[in-house]
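What follows is a set of structures to go through.
Both complexes below contain chain A, partnered by chain B and then by chain C.
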Partner chain A sequence: MNFNHKYFFLFPGLFVLIGILIFPIIFVVRLSLSGWNSYNPGLDYIGLENYIRLFTDDPRFWESFFRLSFLSVTTVILQYVIGFALAHMVWKDIKFKRFFRVLFLVPMMTTPVIMTVIWRTFFHESLGPVNDILSVFGVAPKWLTDPVIAKFTVIIVEVWQWTPFMFLLLLAGLLSLPKEPFLAAAIDGASPVRKFIYVTFPLMAPISIGAIIIRLIEASKIMDTVYVLTSGGPGTSTETSSFYIFIKGLREFQMGYAASMSFTYLIIMIISLTIIAKVLTKVLLKE
Partner chain B sequence: MKTCLTAIISSLMIFSPMAYADKWSDQFPHIKATGDIPGDCSYEKMSKKNYKGKTLKINTHAIPVMGEPTALHAEQFEKLTGAKVEVTHTPAGDLYSKAMVPFQAGQAPYDVVFGFSNFINDWKRYLAPVPKKYMNSPEMKDVTKSHMGVSSWDGTMYQYPVDGDRHYLKYRKDVIDNPEMQKKYKADTGKELKVPTTWKEYGEMAKYFNGWDWDGDGEKEYGSAEVMKKDDLMFAAFFSRSVAYAKNPRTPGGFFFDLETMKPNINNPGFVEALTDWVEATKYVPPGGTNFGLGDEIGSFGGGQTLFSFSWDDAFIAAMQDDSPIKNKVGAAPLPGANKVWNRVSNSWENQYNQAPYIVWGWAVGVAKKSKVKDMAFDYLCFFSNGANHQADLAIGRFGVNPFKNSDFDPNIYINSMGWDPEIANSYTKTLLDMEKSNNRVFPLRVPGVFEFTSAVATGTSKALAGQLSPQEALDEVAKEWEAIVSRVGKKAVQDAYAVGVKMEDNKL
Partner chain C sequence: MDKLYIFLKYFFIVVWTVFVVAPFLWALTTSFKDFQSVNGGVTYIPWVDFEPNLEGWKVLIKSPAKGGVDIIEPYFNSMFVTCTASLISIILGTLSAYALSRYTFKAGFVKNNDITFFFISQRIMPPIVLSIPFFLFLSSINLLDSLTGLIVVYIVLLMPIAVWIMVDFFNKVPREIDETALIDGCNPYQAFLKVVLPNSIPGLIVAGMFCIIFGWIDFFFAFILTFTEVQLLPVKIVALNSSVTPWWSLSASALVSVAPLIIVAFIVERYLSKGNLSGAIK
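So, the complex of A and B:
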């Protein structure tokens, strides 16, 4: 029997795959080997010049990468802890459970850029309400102008915006857990803490790994929050890799160089997220 | 007799706005102060055009600065001509790329693109030159010589003049001219309180008036509001502070670079001194002031929060609007100077007073070469800046439209239609006019890849303001980056383009 016609049915999917996934990546690689910029538009060929510049003469890229690592790991850990706590809370039979489930999802449903503008207004050091309230206690943190505090301001906004996503995944996980282990623990007289440590948490491990990895991928692209809140400042203290690539590509119009940074960043992310997934699997699933 | 005279004057005052009223100002209240002003692109003339069925696409800045007048005049243009006008608003930092990406891809999704006048070198190959009929119009003949030069390249005008920008000093006149404050300042510091003529004086006064309620409104006021937010035009604020120390009229041949060698001057002691002053300024800005963009600066000074400010007209106009708490309490003066200026030829300081205006140019707008509705696009731009619209726009600080026509320097415009105090109107127009006449002006860079240069300055200076680097280290980093950019772009390309600006600075054009 001839099954060659099956390939005909694969074509539509294959075209979509090539069009939206393969082609952009190939184009970025080609662009990264060109010197495309504002005064020299076009795909000329300059070999590995951009990559050599990136690895030998651009400490700012690497600084922004390490800053990004700090910001994304910190925000994802906080989102996981808070998201798990909230999910655990509404998993139980509490009053207004449905109301809280919807309420906790609201931040995620808002537009990040708009919300960041509102947060920037809150944190405005002379006109914002946050310092107005804190001034009662004689405190006035420099939310956006101190290089250290500004990082935490970015973290606060990111955690507020994206904890609901973690909450949603973890709540779905909790609702899908089998009842038997919990019944057994109850019969054995396990306290709520022991039940959480020895039953809930291990059972949630596979879902937790998935949720953490998904959020890490998203968090490693922190851009809109930084763009609106601090523009990467003060100095370069909140500049992340994606924001730096944005500046080089779309502000300075060094398209070729920005493409080389994007591709390098992609490779680094694939490697590091694979390692993180392996480590998490080993630690949480004890494989 | 006296009663009769009073009655006549009162009647004139009451009915004077009506004297301007015409059918157009009834329909378009924006021009109620002047009514329609005859001209090639007046309301009357535009109403005779028929662009029904045609669509004009415009990319402009976010509301309010320039974005609001663009949208307002688009709406008026639609009503008058029957055209459909689609306006897209874009943040300042993205105006360049929003036009450049389609330009480079050979497309024209926007017929009209707004940007800054220093984009001209990168944009000119994608823009249509302004047609002769507009060049010869009376409105265009009224544009100042320097702004004609700003909008043109090699004698061809690519950007339609809609705005004219310069940096100058704005101060609280009710404080600086207040005899009680002068006495108090003298007693506390041993110095005279007066309009600062050097950046050191500016710093001393700003520091003294920082963090206490000096205008008795129950709230603390501060020394200075400045554009310090990274990448938000902060490079222009830095150059405003640098010109006093680094623009030496006795060393022609380049402010930013040595034109002959194309070696950057950006890290010479003149610029370093300016950055050192600026780092010091972080101590006398309002809380959060180091994250102030242009909008924050306008709101801060215009809202009466600070003693000084020194960027574009907008903060001054905002302060002089009817709804401002400090209307007729502010003054305009040239940018402060310095008691020493760097001589880059002899590599030494010259201990003599120096002051240099910084002509920041400002908003510019062009019509895409590939646009299919070029006639309509130029008509829109001509209508945008017609006499009536221009005078009405000038009165609204948040619009960001500033004087660029010779007729704009008549103080009576501001006294009669905007209610300014005559002394303030005179000092304002004199300050602007003196800049036009100065022989020691600095113009912004107009070289290929200009954004790379200004972005490097923003990054370096913001690192110094944040305390990440010392002023010298920060500017050394900028100089190194500038050298790399020159090398990437090509020394000759940058040099040729820079030579045009240097000619203007050296008064050879």
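So, the complex of A and C:
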């Protein structure tokens, strides 16, 4: 095809994106080498001091990072299992198929923070319906103020919010599968369980990898749900990396230090997601 | 065995349905409650457990001076920002996606796939990383607390989605239709506008829906980059949450704000059933 026109198609989008992003990224790196805070705003140069502080003297950052890993891996595994189960159930004909498909999609269309506001009232310890129903059994978990249970509340809300996205990706995948392998399995008289293990699941492997990676990327950004639901509390028990950087940077205005944390965080995210993608590809595709 | 399977299947579907619907039902009933039925213990069924009233909903259209919560302006702000950013992202993203799908680029070691990956990889960027430079950048050019500033930021969030969906979509549109158009005497732009685009409407709709979803549900950037001049809906409602606003008007405003996107769920399901989404996720 024609050679010169291709740049007219590609460049507007590419240059707008680079144009908007190039400044912030360079600026984060430069800012991370400065001691910008509320007393001393300005781009002075203090070398690697921020990074040294981060790696030697800030357990809170690493705790929040491991908490984030725990939360995002747990939610994504749950979302994958539930999402796959749901997609598999409404894949073939069941009654009210389209009604259930729409219904299962609805939570991802709702604004997470706004639904979290509702969840807060839902899990309210004395005025919420959950504890009211549980009081029949004589238990009253402290959904938002117990350090351990609060983590599970965050997981429940995240699973509610984002399982639909996993469901959508996996159902779209199921609907695009070729019919022949299933016919062959039917002729061989394979049971539903065997059909799932030997036909459906292997065929879905590439789509599963894609969906898990996409969800892990999105889950690793989790911050607004936490902000509204628990504000990172009680204490720091639900604080994630993004939320900690937010507190340091835009609440305490330690811009330089926050920039060094966010740059480190970005690098860790890129490396770990690449590794996870490689491992998943190996395991699921049995290469 | 089969019966057990079917029983478990429907059992699971019912449990999940209850889980999905529960917060909505709770919000809906709460929005009709008054002080006594919220704070005097948990109530569920209108007319049986409590006497419903419309106070929570009336407050939404009152002006703040009369003790109302003004969500009309944030509502239109949110719609304006989401639609404008989605439109720009779709236009730019579709053009780039078309180029990446039809032409070969090579600059050193950078090839088509690398450029596509560059676009999509912007989703990996945690918003917090961008928020600090954006905050300082927008304040230096006086766009902090303005709709324009937010639209610029949202383009970064949304264009990767548009490119991601449209590249895969264009890959499925046969090349022959462009080639036929070119042979018939169209130049590449006419071929794109008159032949390729009309054949890509399902893809454009799906991409548009996703841009609208991810634009509408964003809270973080709106929260950090706007204060008082411009307020978007999620920020407004979260602010209500931390103030003394009673649960009934909180629930009513939450329901009003999530309602428009429920329509999007129907549209997405329609295109899903037709098989138009399948290419987009591989």
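One rule holds in what follows: the second predicted complex is superposed on the first by the 272 of 287 C-alpha atoms of A that agree within 3 Å, B and C clash if a C-alpha of one lies under 4 Å from a C-alpha of the other, contacts with A are read in each partner's own complex, and residues count from 1 in each chain.
Just so it is clear, a residue touches a chain if its C-beta (ideal position, glycine included) is under 8 Å from a C-beta of that chain, and two chains touch if they have at least 3 such contacts.
Everything numeric in this text was worked out from a predicted model, so none of it was measured.
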item: Chain B or chain C, by number of chain A residues touched; value: C
item: Partner chain(s) touched by A:237 [first = chain B, second = chain C, both, neither]; value: first
item: First (chain B), second (chain C), both or neither touched by A:39; value: first
item: Which of chain B and chain C A:250 touches, first, second, both or neither; value: both
item: Which of chain B and chain C A:14 touches, first, second, both or neither; value: second
item: Touched partner set for A:187, first chain B, second chain C, both or neither; value: neither
item: Touching partner for A:223 - first (chain B), second (chain C), both, neither; value: second
item: Partner chain(s) touched by A:139 [first = chain B, second = chain C, both, neither]; value: neither
item: Set of chain A residues, in rising order, touched by both chain B and chain C; value: 127-128, 250
item: Of all residues in chain A, those that touch chain B in their complex; value: 35, 37-41, 57, 60, 124-128, 131, 140, 142-145, 147, 230-237, 247, 250-254
item: Residues of chain C defined as touching chain A within the complex; value: 2, 5, 9, 12-13, 16-17, 19-23, 26-27, 30, 38-39, 41-42, 44, 92-93, 95-96, 98-100, 102-103, 105, 115, 119, 122-137, 152-153, 155-156, 159, 163, 178, 182, 187-189, 192, 213, 216-217, 219-220, 223-224, 233-234, 237-238, 240-241, 247, 250-251, 254, 257-258, 261-262, 264-266, 268-269, 272-273, 275, 277-282
item: Residues of chain A touching chain C in the complex; value: 1-2, 5-10, 12-14, 16-17, 20-21, 23-25, 27-28, 31, 82, 85-86, 89-90, 94, 98, 100-115, 117-122, 127-129, 132, 160, 168-169, 171-173, 175-176, 192, 206-207, 210-211, 214, 217-218, 220-221, 223-224, 228, 241-242, 245-246, 249-250, 255, 258-259, 262-263, 265-266, 269-270, 273
item: Chain A-facing residues of chain B, complex; value: 93-94, 96-97, 100-101, 104, 122, 222, 229-232, 286-291, 300, 305, 448-449, 451-452, 455, 459, 462-469, 484, 488-489, 493
